[in-house]
Amino acid sequence: MKFSLLVLSSPYSRQASESALRFAKSCIDNGHTLYRIFFYQDGVQNASQLQTPAQDELNLHKEWQSLAENHDLDLVVCIAAALKRGVLNKEEADRYDQAAFNTDAPFELSGLGQLLDAQLQSDRLITFA
Amino acid sequence: MKFSLLVLSSPYSRQASESALRFAKSCIDNGHTLYRIFFYQDGVQNASQLQTPAQDELNLHKEWQSLAENHDLDLVVCIAAALKRGVLNKEEADRYDQAAFNTDAPFELSGLGQLLDAQLQSDRLITFA
Amino acid sequence: MTLHLIQRSPFTHQALSNCLKTLMPEDSILLMEDGVYSIQHPLLQDILTPAAQAKPTSIYALIDDVNARGLEAFNHTPILNISMAEFVEQCAQHKHVISWY
Amino acid sequence: MTLHLIQRSPFTHQALSNCLKTLMPEDSILLMEDGVYSIQHPLLQDILTPAAQAKPTSIYALIDDVNARGLEAFNHTPILNISMAEFVEQCAQHKHVISWY
Amino acid sequence: MKKKILVLMRQAPYGSSLARDGLDYILTSAAYDQDITILFLGDGVWQLLKQQNGKSIYAKTHSASLEVLPMYDIESLYVLSDDLEDRQLSLNDLIPGVEIIEKDEFHQIMNTQDSVIGF
Amino acid sequence: MKKKILVLMRQAPYGSSLARDGLDYILTSAAYDQDITILFLGDGVWQLLKQQNGKSIYAKTHSASLEVLPMYDIESLYVLSDDLEDRQLSLNDLIPGVEIIEKDEFHQIMNTQDSVIGF
């Protein structure tokens, strides 16, 4: 079955990102397809590669990144939600004259149409808030 | 009277940061002293200079910055909460080998002792969550 | 002695309910952000009845938050609409200020 | 038909309460994150009584969240502790999945 | 691919951005020609209150933003009568175009949807 | 400057980081030799439940973290009897060292504090 996930909360503040990560791994382990993981509202902070947790803490950015690379996942970040919250890739940093960027592939910045597309193309969209 | 503020929520997601900003301005306008504004939990995202809101939206980082510069305010960000959430100044980015940084003066990264100090030195500590 | 800041809607969160469980006779309540929806909630209305207590709790609502939400016409005495400057003064006048969220 | 994911504590949030207000006869409920505290809340316990409904609502609790919080000894039939893999399967078996937060 | 999508709007405006985020999702979906029904549930009914004015708190006026919905052919806006009653509200307090339904009518709506999403 | 500080711990552990953040504040304040009293209020009482084990959800076990409090000379841990009753809990369900109080005892504690902070 084809799943997509919607992540709405910031990592390290609420459990939602970790629950979504565990759900995603379980989908894969059980032979389901993950069509897309869409990050919206505070969920966009999952895409920040500047996350620097303590040694004994999970690094959510790295976890998503390695899961995406191992399983060819589509990680899409809502661009409007990301820009205002300071989550930018190189292209957006250049466009808005910002001195630095803090996200990169496999995270992709795109519009809410990608959330709708995920909903239309997947059998189930599961929200983690 | 001497006030300090504790900000716990991320800008653009909850009203707390804007309420704190308006409270801070009102303190100043009414002749009170602002001893410190301490950013903790998701509140640390107020310090991100990569915030790129739409033209007609408030830029919280810039608002805090200009308030601090005009009134010599002390803006302190909990360093442990900031690091894990990807809010780093140049010094921390260098220390942890991160490719970029996204906060700078007047925001200062420091420990929770600065929250306790604010509580001990101020007549009132007001929390915005 | 304590000013309680209610920062969440009582229809969604237990912030107001938890506050009321520990309220002391000299305390005051200030409704702000989504907390201003409390003016339509029975929990708050109950403590406004004269019979509810000997010395009525002072209740304030931040007028900017009331107006933003379209609640101007709903607010009524004895809930007092106050400005941000008056909010600051109320914080100064109470020994403790506790935020409920 | 719908699987409802309760993601907040019913003692702090109205997530469970709002969900129950719209619950349909064929629906199921899954408790996760702080939602697992629902097992100690009267709102959930009430719908577990046999008299409450003709076809009882299936109620699941995510075992990792139950165990993390020290609620293992509190959970009881008919609430079924399930694994993350079973959670995924339940999502697959219900037409709609709604998160309450 | 046109689908019937039910959107649950459950958050009060202003205190959190979720009311606004849900609306942005709705407008996007309508632009892609989906068949959208909206149920304002729980504190979501506060989004519909008349006389809002976000200016004093640096916010866009949410009820004004909702007024574009008919232009996107979204005309199915519902509230549950219980939610209005709990908040001591009547239809007169809300912006035009909202219909009050009972729980069983909600169930009929649910049964006809291809997809449901909640904010 | 040693002050009497009351910390209200009102959040359940794990779902949000605030329980952990509150504890970090407490340990810092204790290290600076403040006189700390803790009231676990509302869902905060869940922090005290025995048998927690955060491992399965990538989290530090919160009740284990609380066990360091006596080493910091923090021995005033209170819960309100109403909060326990609401959650169908008894003192046996909680880690050792917690005292049950009534509302009027809470008021006496409040009256002796220099400062109050809530998480």
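Per-chain numbering from 1; labels A, B, C, D, E and F assigned in written order.
The rule is short, and it goes like this: a contact is a pair of C-beta atoms (placed from the backbone, for glycine too) under 8 Å apart; a residue touches a chain by one contact, two chains touch by 3 or more.
Values in this document were obtained by computation on a predicted structure and should not be read as measured data.
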*If a chain touches subunit E and subunit F alike, it appears here*: A, B, C, D
*By CA centroid distance, what chain is farthest from subunit F?*
E
*Between chain pairs C-E and A-D, which one is joined by a greater number of C-beta pairs in contact?*
C-E
*asked:* Using only Cα atoms to place each chain's centre, name the chain farthest from subunit A.
replied: C
*Report the inter-chain centroid distance for subunit D and subunit F in whole angstrom, where each centroid is the mean of the CA atoms.*
27
*Averaged over CA atoms, how far is the centre of subunit C from the centre of subunit D? Could you give it in whole Å?*
33
*Touching two or more other chains - residues of subunit F*: 14-17, 42, 57, 59, 115, 118
*Which positions in subunit A touch two or more other chains at once?*
8, 12-13, 15, 19, 22, 41, 80-81, 125, 127
*Would you give the residues of subunit D that are in contact with at least 2 other chains, written as numbers and ranges?*
7, 11-12, 14, 33-34, 64, 98-99
_Which chain pairs touch, all of them_ = A-B, A-D, A-E, A-F, B-C, B-E, B-F, C-D, C-E, C-F, D-E, D-F
*Tell me, which parts of subunit F touch subunit D in their complex?*
11-16, 42-43, 46, 49-57, 59, 61, 63, 86-89
*Enumerate the contact residues on subunit C facing subunit F in the complex.*
1-2, 14, 18, 21-22, 24, 96, 98-100
*Within the complex, which stretch of subunit A touches subunit F?*
12-15, 18-19, 22, 56, 58
*asked:* Show me the residue ranges of subunit E that touch subunit B in the complex, using the header's touch definition.
replied: 14-17, 57-60
*Which part of subunit F faces subunit C closely enough to touch in the complex?*
8, 10, 41-42, 80, 82-83, 103, 106-107, 110-111, 113, 115-116, 118
